[in-house]
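Before anything else, here is the set of structures, which you'll find just below.
Next come two complexes built around chain A: one with chain B, the other with chain C.
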Partner chain A sequence: MTITAVETWVEAPLRKFVEEARTVLGLLLHPSGQVVAQFGFARAVDVMSACALAAAIHASSGELGKQLEGKAFRGLHHPGRDRQLYLAEAATSRGAFIFLTVFDQESSFGLVRMYFDTFCKDLAAAAPPMSHQPEVVLEDRFEHELNRNLAALFGRG
Partner chain B sequence: MSASPFATILSTLTRQRGVRASLVVDESDGIVIESNLQIGQDGDRVAALAASLYRKARLSAGAARLGTATFMQLEAERGRICAAGHNDLVLVVVADPAANIGMIRVEMIKAAGALP
Partner chain C sequence: MSLVNYATREITCKIVYYGPGRSGKTTNLHYIYGQVPEDRKGKMVSLATQTDRTLFFDFLPLDLGTISGFTTKFQLYTVPGQVYYQTTRKLVLQGADGVVFVADSQARQLQENIESLQDLHSNLAEQGIEARSVPLVLQYNKQDLPRDLVLTPAELNDALNFRGVPEFGADALHGPGVFETLRSISELVLKRLSAPVR
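Here is the complex of A and B:
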C-alpha cells in the first residue's frame, strides 16, 4: 500500500494504522478540506472530491451534534453492502485533522475504531510543536494550496 | 424494566471461576452488544479482536471443509480468550490461565445455542 503525505510526520502513524486496521482507503485532511495524506487513491481528482465531501460532512455532522447534544459528534460510521466508511476527528497540537477511511470485510468497525484510537495517540505524539500560529488559508489561495498538495501527493509537484 | 436477553447468559458465564469478562459481540462489526466485565478489562478492544479472530477461524474452518466452527480458544501467557458463535453473534469469554476451561467451554456452547 502506497502512502503519500504532504507533511512527513503523519506518515509513520498512518502506515501503522493501515497495516493494523487493514483498511482499503484513507485520507487525512484539514477541516478546511486541504489534503494532508492519503493511501489507496489512484487519482488526484478522487482525493479532491473525497476531501471536499469529508470536510462538508464533518462540518455538518459537527453542527448537528452541537444542536442535539451540545457537542460535536465524535465519529461517523456508514455501513454499505460491501464497503464501510468511518469519518472522525483526530486532535493534535497542530490543530484538529479529519480522518476518512474505507474498509471491507477484511476489517470491521470495531477494529477500525480501536486502531483509530491508537492512530490519534500516535498522531498527537508525532506532531511537531507549532513554531507560529497556524496559517489561515484564505479563500483566494485555497485552490492554489489544494492543487499544490495534490501535486505533492501524486508526483506532479 | 425487563432485563436484557443476554444478562442471564453473561452472568452465568462470569460466575465461573477465573472468568474476567464475558461479552456478546456482533461478529461482523466487532461491536459489544452487552458485556459483564471486571474492573480493568477493555471491553471494546476485546470485542473487536475476538470477533475478528472468531470470524477468521469460522471462515478457515469452512474453507478447509471442516464444517461449522463451534468453539475457539486462544491461550496466551496471561490469559485465555474463548469464543463461540451463533448466527451473527459471538459469545466471548476472557479467563485466567488457571481457569477450568472445560467447564467454561461446556457453558459457552450451551449459552451460544441459546443466543437468538
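Here is the complex of A and C:
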C-alpha cells in the first residue's frame, strides 16, 4: 500500500489508519480542496477531482447542518452496494482537515468510525506547530519557464 | 495558500474565476479545457443545473509542467454567479491563491459587475483576508459583441479597476484573452512563491 503525503507528519497516522481500518481509498485534504495525503488513487488528477468534490460535499453538508441543527454535521456516510464512503473532519493545531475514506466488505462503518477517532487523535498529536515564516520556493526569474510551459500548454510553443 | 510539497517537489495553487452570472467564467474553463493536451489536464468537473448554470462550481486541474524544478499544478474553479448562491461562493473562495474576476462587458451589466466585485471583497474580508493582498486579474469578457452594446476596456477600468491590477479584454467563447488572463494570474500567484511578502 502506497501513501503519498504532501506533509510528512501525516504519513504515520494515515498508514496506521489504513492498516487497522482496512479501507481501500483515502484522502486527507484542506477544506479549500488541496490534497495533503492520499492512498489508493492511481492518477494524480483523479485525486484532485476527488479533493474538490470532497471539499464541496463537506462544505455543503456542513452548511446544511448549521441550518438544520445550528452546527455542522460531524461526518457523512454514504453506503453503496459494494463500497461505502465516510467523510469527516479532523481537527489539529494546524487547522482542520477533511478526511475521505472508501471501504468495501473487508471493513465496516463501525470499524471505520472507531479507527477514525483514533486517527484524529494520532493526527492531532503528530501535528508540528504552525510556522508563519514564508519561504522562497521559486527562483527570482521563473517567468521564462512559466511562459514557455503555458505556451506549450496552449499549443503556442 | 499555495501547497508546496518539498519531498516530491510539487506546487499546487488554487485559482478562482469570480464574477456575475453569465459573465463567462465557465466558458473560460471550457476554452482552456479544449486547448490543453489530455496528459496535462484532469477531468473537468461541473456541478451545474439542468440548464447548465453553475450550481456549485466548475473545477479543472491543470499540470503546468516544471518551473524552477517544481512540478506546478493549478486547480481552476469557478463560482456560481447568481446573487442567491452567496454561501457557495464563500465556500469555493476558501483558500484561493488568486482570483480572476470575469466581468461582462455589456453596458447594461455594469451594475452587476460592480456588485459582484463588492461581493468578492466582502467575502474575502469575511474570511479575514485583505482583498488587496490577493493576486487579482480582471477580464473584460464579451468584447466581441457589437461596439454599441459593450463598454471599452478603458471604460470598464474606470468603473472596476481601482486597484490598477492587470486587465484583459476577452472573447472567452473563441479564445482571445483567455490565455493572457491565465498567464497573468499564474505569474502573480507564483511571484508570491519567489518573493513572499514578509
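Here, the second predicted complex is superposed on the first by the 132 of 157 C-alpha atoms of A that agree within 3 Å, B and C clash if a C-alpha of one lies under 4 Å from a C-alpha of the other, contacts with A are read in each partner's own complex, and residues count from 1 in each chain.
Basically, a residue touches a chain if its C-beta (ideal position, glycine included) is under 8 Å from a C-beta of that chain, and two chains touch if they have at least 3 such contacts.
Since the structure is predicted, the reported quantities are computational estimates derived from the model, not experimental observations.
Visitor: Check whether A:113 is in contact with chain B, with chain C, with both or with neither, and answer first, second, both or neither.
Guide: first
Visitor: Have a look at where A:146 lands relative to chain B and chain C in the superposition and call it first, second, both or neither.
Guide: Once the two structures are laid over each other on A, A:146 reaches chain C alone.
Visitor: Which partner, once the models are overlaid, touches more of chain A's residues, chain C or chain B?
Guide: Comparing chain B with chain C, the partner touching more chain A residues is C.
Visitor: May I ask you to decide whether A:32 touches chain B, chain C, both, or neither, giving the answer as first, second, both or neither?
Guide: second
Visitor: State which residues of chain A lie in both footprints, the one left by chain B and the one left by chain C.
Guide: Common interface on chain A, chain B vs chain C: nothing in common.
Visitor: Give the list of chain C residues in touch with chain A in this complex.
Guide: By the definition above, chain C touches chain A via 3-5, 7-8, 10-12, 14, 35-37, 40-43, 45, 47, 56-57, 59, 61-68, 70, 72-73, 75, 77, 87-88, 91-92, 94-96, 179, 182-183, 186-187, 190, 193-198.
Visitor: Residues of chain A touching chain B in their complex?
Guide: Against chain B, chain A makes touches at 79, 105, 107-111, 113-114.
Visitor: Mind pulling up the chain A residues that touch chain C in the complex?
Guide: Per the touch definition, chain A meets chain C at residues 4-8, 30-36, 43-46, 48-49, 52-53, 56, 59-60, 63, 134-140, 142-143, 145-147, 149-150, 152-156.
Visitor: Can you tell me which positions in chain B touch chain A when the two form their complex?
Guide: Residues in contact with chain A: 25-26, 28-31, 44-45, 47-49, 51-52, 55.
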